[in-house]
Structure formats: structure tokens, C-alpha cells
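Okay, so chain A shows up in both of these, paired with chain B first and chain C after.
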Partner chain A sequence: MTSVSTAASGQEAVAPHVTPERRQRGILLIRGATLLLGLVSLVQLLSVLGYIPFGFTNWQPVLIAYVLWSAALCWGLVLRDGEAGWRAIFVLPAVLFTVALVIFPTFFGLYIAFSDWNLQSAGGRQFNGLDNFYQLVADPYFWNALGNMVFYVATVLVQYAIAFGLAMLLNADIKAQKFFRVAFLLPFMLSPVAVSWMIGKSMLEYRFGPVTHLLRTLGWSQPTLLTSPWLAKSTIALMDAWVWIPFMMIMILAGLQALPKDVQEAAKVDGATGWQGFWQITFPLMLPVSVTTVVLRIIFQLKLADIVINTTAGGPGGATDTISSYIFRVYKDRSNVGYGTMIAEVYLIIIIFFVALLLKFTSRFMQRAV
Partner chain B sequence: MPHVVKRILIYAALIIWTVIALFPIFWTFSTTFKVAKDVQMGNIIPWVDFTPNWLGLRAIGLSPDTIFTESTPRVEFIKRFWNSIQASVGASVLALILGSMAAYGLSRFSYHWKIWKNRDISFFFLSQLILPPVVLAMPFLVLYKELALLDSMIGLILIYTLSVLPIVIWIMKDQFDTIPQELEQAALVDGCSIWGAFFLIILPIALPGMVAAFILSVILCWNEYFFAALLTSSYAKTLPVMVASQTGSQGISWWSMAALSSAAILPLIIIGIFLERYIVKGLTTGSVK
Partner chain C sequence: MKVELYNYMMNRRTMLKGAAGVAAMAAVGGPAMNVSTAFAQDDIRAAILKIPGVGKGQPTDADWQKVGEMTLGATKSSIQPGEFKGVELSFMGLNNQNVHNVLFRGLSKAWADYTGATINWIDLAQADYNARLQQAIATGTVDFDVIEMGAPFEGDVCGKGLASEMPDWVKKQIDMDDYVGYLKAPVGTWAGKTYRVSCDGDCHNFNYRSDVFADAGLADEWKKAGGEGDWKAPRTWQEVNAATKFLKGKQLGGQDLYGYLDPAKGWGGFGFYFLGSRATAYVKHPDSKAFLFEPDTMKPMVNNPGWVRAIQDVLDCLPSEPADQLNADPGTTGFQQFLAGTGSMLSWWGDIGSNVNTNDSSVIQGKTAFDILPGSPDVYNHAAGKWDTLASGPNFAPNMAYIGWGIYVMARVDADPKKQKAAWSLAAHLGGKDISLWMAAYPSGFQPYRQSHFNIPEWVGAGYDEAFITNYLASQANSYNHPNAAIEPRIPGIFQYYSEAEDILSNIYAGKMKAQEGADAIAAAWEKRTDQLGRDNQIKLYKASLGM
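Presenting the complex of A and B:
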């Protein structure tokens, strides 16, 4: 079993005496619960595989057994290790929760990824080896979506520049700072689905949306914002920027407010102009906050889906697809989980490599290494 | 550059961005009160360009003349609204409980589980932020089907808890790190247990951080669409899914879509106006020292 030994940091452990009987009870409890979990899983597995005629109607009892096992494990550790057990159970519930709901499903995903599995048909799962992988390598829509992700991630830098400008404005000596701050923050809080409708479907409506109306007035006779590929992609990027700029702005603003004022004052006395002062003093001092903000933002950007799904559904012809929206469409169109999961797992591996590289090159500039 | 010109430019830029940030919200609220003709004419200013009409609110049964009568759309709308509240508040509470405990443990004790030390456990939790929802989506679809959790509130709450847990741990750990350890040591000397010290002494001090984490979680869960769209159908469907399901068809009734969108964003706007301080606190955790 997990051998848990914790050492006190900074404070003396008030180690109460753990009697051998109590220790024994703890060990028994943990073993018993493990046995129960194993037994319930085994019965259900055998019954699903058809080796035994009885069993549960679904896997829910196994989940309940896991919850019971987790509780028994926590209690058993307290009995067995005393003070150290009390400490361990601060973190243990969150760990058990995450293992059950993230680690297990991610690996279970591999089981799905190598299969042809239509949830609507009665056939169930058909193992098909690397077929999904070969399909993926030859799938132009996948590579197209991956290319779009590069574009969407690159737009983060533009968002960053705008966010920095806005943060500087808010940090200037202005009246009604609180009003502007709240107004600027609001877009970040809105539901992407509502934003898709508010802006994508209604304000950009081809015939009478206010934005297209404005563009026509400005002399653009055919504002095909969501129907020509590059324009559509840029429009999605703009909507995404509208939602996410406030997030970056708030982080940068907090950084600006934490800057020592006297440094900037000193620069002014030395005769630096505003522009020089910014590039030589403010910007270098802000580098750690900036890098942290951009890296976090890129990580969130890799999940971009909702706006695309609800505004263009990936169209026209996949021009606005992100990996997530493409997988969503693949599933909705064919109810087949095998291929979608294969894309997702490959995407996960790409992301892990990308983020690891990103962190490797940026972590020394960052405020606090993750 | 003269000082006055500079100030005018600053305020001009501020006002332009305020319009960019607020106009879509204004547009949505005002479209709720427009009839088809006003939408097609692109009328913008109420009482000047068009006469407000109860059309949008009538479509979801909330206008003055329909609010006391039987209304199927209203029942449906309230059900979805209530589902959204349950899912976001339930998940945030669960994440706050699990996350605060874990964050406190990581902040105060040094663990040594096999090769796992505090740093590794922290990284384990934070690395979940990288995981895109789409990786979990289909495994959850299959697993939830087997576990009979598809289209259930519990299932939705579990997965939402999961998605906000790393953020809650991040915020709470930062919060606990700022509280001096002497406080608990004094309590321990007085005969308090470590859990007693945690509940009675530390949690009350960490309340601002908890509020920040809670509000941020509620916002994120309230807006969540991807999992809700995949894992719920009739019973546990949330408000964003309801809004999204109305958009597909060609003949959208603008006023009712506007009314639904307004309902989806209004609670968050209220939260944003009154609790902005906590949102900023939650967002900037750990990035600025």
C-alpha cells in the first residue's frame, strides 16, 4: 500500500502514541477496503465479459466502491500513522479525485483511441489497431486545424500588445479608474456561447448587423466577415481577443501597479522621453509578468473551442477549425468516439511537448516557475 | 506633447475601448426589446430609433403580461437556469473543499510519498491546467454511459470540479503561504489539533482568498459549454447549451435569442460590477509578487 510518512516542517509534531492494536486496525481497514474494491470490480468485469451469469446492471457500484475505498484509506491512514495520517489526508482526497477523474480517463482514452466505436450502433467496440492513426496522418482537416491553432496561438501576441496598452491607460493618473476597470473586465466574464451569438451571429449578421452596417458605410460593399476563409479566421481571432484581452490586461495592470514608482520618476529626471522610458525601464521590469501572462494565455488558447463551435462550426470549409472544434464535429457527425479520441490523444502529446519546450525557454524569465 | 493634449488622448482611448467592451452587451440587452422591423433596420438607440417592446421577454414567459400565466418556455428556461446554478455552485463548493485542504497541506507540511515530494504534488495538480477538455470528453462520454452518470447533475458537477480544482489549489496555496505559521503553532501549543487549527484559525483568515477562488470557479463553470453539450441531453442541460441549441436554424427569432443571451450574461455582469475586487485578486494570484 501507499507508505505515507510525513515530516513536520517548521513545527514540532505532537506525535500521539499509536498503539499496536490501533495500527493493526488501520492496516486491516485499508486491506479490507482494497479487497472490497477489487472484488466488486472483478465481479463486474467478469460479468461484462460474460464469464459469470450475475453482476450489476452498470459500473456504478464500482464507482461507489472506489469512493468507499478512498474514505477507508483516509481513515485507515489516520489509525495507522496517527499525526502523520492526519496530515496526509489534507492532500489525499484531492489526489484520489484527480487520479480517478483525469489520469484514469486519459489512459482509458488510449483504449478507445485504438478502436472503431460507434456509440449509436449495437456493435460496440471493435479493436482496429492503428487504423485511426493512419487515418489521422492522411486527414487534411486535422493538419488544417493544427495549422489554424498556430495562427490562433500567434494572435496571443497581438492581444498581449493591446492588453499592455490598455493596462498602461488604466495605470495612468485618470478619473473613474474603477468604472473603466470594470467596463474593460466585463467581456472576460461572459459566456462564450452568448458571445458567439451576441457578436458572431447578430452584430456581424451579413444583412443588417451593426458592424457590417458600419463597414458598408465606410465603403466596403461586401463585408463577408464569416464566409471567406481568412476573414473568418481573423474574425474569430478578434472575438476571441475581445473575450481574453481583459484577462491579460488585469495581470499586466497588477504588475504595473507593483512597480516601484521611484524608478520611473528617476528616468523622467534623467530626461528620458515617455517612449524611451517605456522601452528602457517599464518594459524590462515588466518582463517576468509579461512572460507569465503570455504563457498562461497560450495554454488557455490551446483549448479554444466554444466560440468556433457556436459561430462558424469550423466553417467555411474548416477555415476556422480548432482541434477541439474539429473533434466535436467529428463526434457529432458520426457518433464515433474512436477516431475523435485518437485525435485528442495525439493533440495532447503535441501540447505536452509544446508546453514543455515553451516552459523550458521561458521559465527563467517567469515570475514564479510552475 | 502638451499635457492637455496627452490627457485628451488618454481619455479618448479609454472611451473608445469602453464602447468596444460594452456595446455588444448593450446591443444584446436592447435587442431583447426589438420587433423584427427594428432588427432589420439596424436600429440602435431605444426610444429614439425604436419603441421598446416586450417581445423578447414574452418569448421566455417573463414579460409583465405573461409572468403570471402558464408558460412552457418559461418552465424550460427556469429549469436550465436552475441547472446552471446547481452545476456551477455545486462544483465550486466541492472544488473549494478539496482544493483548500490540499493547498493547506502543501503549504504547511512536507510530504514524502515514495518519490513524490511537495513540489511534485503541486506540479501534478497544476499540470492539469494544460489538459484540454477535449482529451477527457470522449472517455467521459463512454465512462459516464457505463456509470449511468450521463445527463445527470452529479456527473456534470464532478467534471466541473475537476476543471476548476487546479485553479482553486493555485489560489488557495498562494493565500495560505502568506499567513504566518506562528498562528497555528500558538494554537497547537494550546492543545488544538492540526485540523482544529486549520478550521478555527487559518480558514477564517484565508476567507478573501476563498471568496476569490469561489467566484472565479462559479464564473468558469457557469460559462462552460463543451462538456455540457456532450454529456447532457434533456435532464441536466444547462443554460449555455440551451442558448446554443437555438442558434442553428435560419429563422432565429432575434428577440428571444437576445433574451436568453441576456439571461446567461446578466448574473455575471452583476457579479463583475460588485465583486470585481475578488475576481482581480483571483486572476492575479501568483503572477505578481
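Presenting the complex of A and C:
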């Protein structure tokens, strides 16, 4: 065992096979890099806040100092702790990367969310406390989009049922099984942006679209799929389902293939019908896979934006709007960074709560089912 | 404009003769005998109009390069060969297919070869343009030296001191006096300083189906239905609305007819221009330049009775328009509806007219005519709070939507005189008088914008049909030069206002709000936006943009 051991007296850990000089060099390297990072950050912060007349033109030097500090920290740990240091740097780069690109931006996002920051504002960014939150609470466009999200999320259950059926078909002994598996997966390989143009803007086009042409042939004189609220919402949901059902299908298919066949065979021997075999054996056994699939799909669904932006821009009258497409407009068309970030942060919290509740509910449901 | 124009051009033999001559001259171009000095200016203008010529399809990169070389005379008279060697310029613009930056690359190659400068191109999709520009400004990371920019963004750039003031030699080189009236100061200027080399002029004109309004059968039906006056192309919005309601259910040549087309779906803020085109005749009073905000307070005027009438007009006409109108943005309305034969009247930029004869999806060749936007017998006087009937007759107020693209040099080049001169020389080359004629005549994304572009005999001499050119160019010239033209405020965040309005208009058009209720909601949203952007500053910049 060569890991760092901490003396009971509280003295610093001593790693075997590490000379005191080497250990000292490691400590110096870490402290030096930390000092550099702290100094660069402090200078830039004081400069930005106007406390000192000098500083860097932007935050890039701080980023460079962070990268240097990260490298020095890894190197210093190896020097200081020997093999334990080597073990630490198996994980440390990933941790530092996550801190830089996930944790810091999330908290920095909160900082922005509490500010009045419109890119075109003469006054620049101003701290405005909870004003953005209060604005959100009173924002009918946010609540309208959130209401639409309830509908879109509910459609996941329909998608799940269809995906389950398709997976069962593809799991059966059918001809050209491999071909159908690839063919059914194709929509998932397409970019939703491409789908929204190919289907939403072309095939469903009112005048020349082949789908609307077919609908006219079938007797619908004015097949306007994207101009009445519920029809538009349903059309968007259909396009979204077309893209994402293959994802659910492939997850469920993988689960079906992992099921022990002897249980089904035993049930058949005992005289179970096909429906009984599915409902009382296959479906319960597939619950863990189903829950994972549905939860993942709901998380994806909560971020629905691309098809909506391209096909209806949220209309008619906000009928197809989603939170993400609304955030897109707030950010992109209105440069309203502070408020847009507040919506994004609040939505993130809503998603976290919703998914946590969903997991808790499904966990209980599965325990009862078992 | 535009391919259909050169489809009218001279016969193939003439074109080939001209092109061969041009090519021969270009081949011997250089210090000893450059192309530009080989022609008198009129000859150059006539020669470039022959590139690529009739029946040759859209111009290619080789054509753009040739035009760029032939129009280099002004640069050569003020810049020494290789004078900008070692200078690198970043040029930010749009990446639309075969136009804007794609076109500029070819047009500026000869300039770069001659001066020795290098140009690095920053290409942006139109939808990303505003966000990219605003981020660069807000984060202090302006990384371009020259930008292709619309006048509505002047508040963001010039108003914040980010642009370089135009040197006098550039003004002389590009002949700014040749600009149509509305593109002259205050457009392109801030606080008395000039910043913009115009390369485009924008206005909405009125496109209508001449065959529909000349049809005798429809004229009879119009009379029988008790229609007011003769059956003819409408000249007021009231007539537009009446014709739109009348045409519902009618057919011509077996095709269903529709009247006016209102783009009811948002377009990243650009959709608001289309309500604006309906509204300007009602709200742009000849006595005042303002029609969107009160200049002294930035209080929105968008919920006054004039604007509400325009919104109500849309609501009244939508049931008579195609069934998918609620999901039709301006692009769809122009290119998938009007050009494809759906609808009889449309407000759009000059592109529609230029596509009528060239776009593969167009079925309305020879059936289209143009005019300035319709007027109104009365106009709302916002200051007096009442409708006025003008002694001069109906009020016309062409909508100068977007005010056109221009080329601006950023202030960051000012610290380096050589780079500054290079940047302005490039801008002057691309906004030069002769090169602009070619850009006005061929697909470029730009409309005619100089008085010299409206020289009908020049077009006719090049082989165009006089009636067509006269009608098409007159609709633009008369808009540009109209004394009561509605010129939008060049204030920071103008597209934020438009985007807010689009969201609310979508609700109004979908029947979720009444016209007045929606207009009040737009006004309230605009008030909040003004507060966020800084009311005092907005008022100051608004007044500056109005030349007050």
C-alpha cells in the first residue's frame, strides 16, 4: 500500500518513495500555480470592478492561468504524492474539465440571471435582484410554452407505446429483420432541422406538399396542418415522434433481446395466451428498460426546439411554442441575456425536480410491480 | 435585381461581341494599359452590363472578378500598386448563396491583387447576423475591420463610437451626391459625421397582378357586386381590402384567386415591416418624421388609432386570404405564394419584381406590375389626436423598410493609418458608382439606390424592355424620393422591438387578442424594452437618427 497516509497527529501525509526534495518541488509548483491563478483573477476582477486602473482587455488570461494551474496541479500532485498522485490524475483532468465547462457556467449563469443584461443596452449589465424572476412569473409566453410542454411530454407515452410495438415486431422472426432495423432507425439519424425542412416545410406545405395533396385527394379541401392551434401542435408532435420513436424502439429492442426466453417458453407450455405472455411476463420484465427509456426521452423532449423554430416559429399564436424556442427568441432576436438566462435556469430547476419526482414515482411503481 | 433585367438585354451576338472586347481589354490590363482607362465611364457602364450577358445564367465568380477589375479605375487613381502590402482586413457580411459576401469576394479580388492587401472573410447566415454583431459589441470583441451592415444597426455601431469616420477622399470617390434622397444624411451619419458607404437601398413597393386587375370578367363581377369605382389596381388600402374580400372565391383561368397577402408569421423581427407597410399611410403624417415613437419621450405610437386600423385591416382580410396564411412568413408569402400564382397583391422589397421573370417557380411572367405602396384618404395625426384628410388627396408614405445595406469601417483601424486607408479604399471600391450599377442589374441582394441607377435610357440602350423597366424602377424611385417616406428609426435594439411585436401580432392574428388590446400589449412591451435599453440614450439616438 503506497497511498497517502495521514498521521493521527494531524501532520502532513508522507508518501513512501517520494524524496523530501521532490515533495517540496511539488508543493512549490502547486502553490506557485495557485498564486498565479489567484493573482491574475484578482487583477482582472479589480480591473473590471474599476478598483485599479490597469488589467487585461478580457478574461482570456484568467482562462490561460486556469489551464496552467490545472496542469501544474496534476504535475504537482505526482511530484508530491508519487503513486497516489498518479492515481489522482486519472480523475482530476475530468473533474477540472467539468468544473470549467459545467459547474462554473451553471453558477455563472445564475449570476447573469440576476442581472438586467441586454446586449444592446446603453447601461450594460446591472444587478437587478429578483426582477427577472418576477418578470418570468408574470410572463404569459413562458406559461403558455410550459403548458405546451405538458402536452409534448404527454406524447412521449404514445411514442413509447408505438416504439414498444415496433420493437416487438423487430424482435420477432420476420424476414429482412436487419434491413427493417436499420430502416426504422433512419429517422433518428436525421437532424431534426432537416426533418423540419423536409417534412414541415416541404411535404406538409399547403400548396405543393405531397401530404397535403394526398389529404386533398381524400376530400379535405383545405388541409392546413399548421395554422390551427391543436392541429399545429399535433403536427409538431408527430414530426418529433417520427424522429425520436426509433431511439426508444432501439432501447426497448435491446431490452427485449436480453430477456430470458425460457420464461416465455414456460408460460406458453403452461397455456398462456400471447396477450398474457406480453402483459404478465414481457412487460413487467421490461419495466426497468422502459423506465430508463421514457425518462431519457422525456429529458430530450423537454428540450424540444429545433422543429418548432423551423416549422412554425412557435405559432400560430404561441400554440406550438416550447420553453426552448421561447428562450431562443429572447436570446437571439432580443439579445436579452439576463432574462433569457433566468428562464433557462428556472427551467433547469423545473426539469431537475420533475425528473427527480419521476424517478421516485417510477421507483415506487416498480417496487410495487415487483 | 436582377436576372430578369438582363434577360431583356441585347441579343446574343451583341453580347458576345461586347464580352469578347471586354475580355481582350482585360487581358492586356495592367500598369501599361489598365482596363478602366481603356473605357470612358459610359463605356465601362455599358460594358459591365454585358457580363455575363443574356442567356448565360447567373453570373459566376469569373464574372464577378471581371467586373471587379473593370471598375478598379477609381482605386487606381488614388492608390499606388502594392500600397497596402502586408495589410490584413477582416470583412464581416452575409453568406447568402451567390450574393453579399460570396459576391464581394469576386468583386474585390482585383482590388486585393492591385493594392497587395489581404482580406479575411467572416461569413454569417442572415439569421445569425444580429446576434453575432451584438455579441461582438457587448463583449468588446469586435474582430472585424469592415462590415456589411444595415442602417437600422447604425445606432448600435455608430452611436457607440465603434465606426470610423469616412474620409473626404472616399466621399468624392463614391460620389455620394448620386445617392437617392433618402439615403443621404441623416442616414449613414451620426452627430454630423458620415460613416456609411451605401451599397443598397431598401423600400417596400406594391407588387400586383396586372392580368387580374385588367380582366373584363372580373370587372363585370365587380360592378355587379356593387364595387366602388372601376375595377383597377388599388391605390389605397381601403381599395386593397375591398378587392381582397371581393376576390375570395373567384377564379381566373381555372385558378383560385386571392387578393392581398399578409405575412402573418414572424420572421426574426423582419415580419413587422409588413404591418408597417400597411400602416405607414395611416400613421406617417407629412407634418412629422416620427411614426413609431414620440421623439421626445420614446412613447410608442404603435397603439394609436392608425396602427390599430392597420392591424384590424389584417384581421379583416385574413379570412379572405389563403388558408395557410397564419403560418406564412414573408419569405413564404413572396416566393411560394405570390410568385407561384397565389395572391394578387403584395408588399415586398424589390426582390419580388426582379424574380418575376427569372425564378423557376414563378408563373406570373408578363402578369405583374408595380407601384409605390397604397395610400389612404385620411391619415392619423398623432400630435393632434385626430384623423386628418389632406387637401392634397390621399396620404402616401412608402415604407423604407431596413434602409438598405451599407459598408462600414470600424474604428479599430483608425490607429493604423495604412490599414485605415486600406479599409476605406475597399469600402469605396465595393460601393463605387459603376460597380453599383452592375450590382443593381444582376443578382446581388441589393436594389438600385443611386439616381444614376434610374437612368432609363441606359437600361433601354442595353436592351431592356422600356415599359417593364420604367414601371419596375419607377416603383422604387418614387418610393425613395417620396417626400413623406417613412424612414425607420436607427436606434439600438430596433429589431428587439420588432421581435416583441411579432410575438404579440401572432396572438392577435390567431384570434387570441383584439386589435387594440394587442396594440396596447405591443406598446407596453416596447416601453419595457426602452427602459431596459436606456430611455434617455434611446431618445437622444432617436432624435439624432431623425436629424432633430
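Observations
The definition used in the following text is that the second predicted complex is superposed on the first by the 344 of 370 C-alpha atoms of A that agree within 3 Å, B and C clash if a C-alpha of one lies under 4 Å from a C-alpha of the other, contacts with A are read in each partner's own complex, and residues count from 1 in each chain.
Quick note on the criterion: a contact is a pair of C-beta atoms (placed from the backbone, for glycine too) under 8 Å apart; a residue touches a chain by one contact, two chains touch by 3 or more.
Predicted model only: the values in this text are computed from it and were never measured.
Shared-chain residue A:L215: touches no atom of chain B or chain C. Within the superposed three-chain model, A:R181 lies in touch with chain B and out of touch with chain C [touch as defined at top].
With both structures placed on the common chain, the touch criterion links A:L285 to neither chain B nor chain C. In the overlay built on the shared chain, the residue A:L46 is in contact with neither chain B nor chain C. Using the contact criterion defined above for the overlaid structures, shared-chain residue A:L358 touches neither chain B nor chain C, since it reaches no partner.
In the superposition on chain A, A:L36 makes contact with neither chain B nor chain C. Once the two complexes are overlaid on the shared chain, A:W242 sits against chain B while remaining clear of chain C. After overlaying the two complexes on the shared chain, residue contacts for A:F108 are found with chain B alone; chain C is out of touch. After overlaying the two complexes on the shared chain, residue contacts for A:A194 are found with chain B alone; chain C is out of touch. Touch counts on chain A: comparing chain C and chain B, the chain ahead is B. The contact surfaces that chain B and chain C form on chain A in the two complexes overlap at residues 57-58, 119, 207-208, 331. On the side of chain B, the complex with chain A involves touching residues 10-11, 13-14, 17-18, 20-22, 24-25, 27-28, 31, 39-42, 44, 98-99, 101-102, 104-106, 108-114, 121, 123-126, 128-143, 145-149, 158-159, 161-162, 165, 169, 181, 184-185, 188, 193-195, 198, 219, 222-223, 225-226, 229-230, 239-241, 243-244, 247, 252, 254, 257-258, 261, 264-265, 268-269, 271-273, 276, 279-280, 283-284, 286-289. Residues 57-58, 116, 118-124, 141, 205-208, 222, 224, 226-227, 229, 232, 312-319, 329, 331-336 of chain A are the ones that touch chain C when the two sit in their complex. Residues 127, 130-131, 134-135, 137-141, 156, 264-269, 322-327, 329, 336-337, 340, 342, 492-493, 495-496, 499-500, 503, 506-507, 509-512, 529, 532-534, 537-538 of chain C touch chain A in their complex. For chain A in complex with chain B, the residues that touch the partner chain are 2-11, 14, 57-60, 62-63, 83, 86-91, 93-95, 97-98, 101-102, 105-106, 108-109, 112, 117, 119, 165-166, 169-170, 172, 174, 178, 180-187, 189-199, 201-203, 207-210, 213, 242, 246-247, 250-251, 254-255, 258, 289, 292-293, 296, 299, 302-303, 305-306, 309-310, 323-324, 327-328, 331, 337, 340-341, 344-345, 347-348, 351-352, 355, 367-368, 370.
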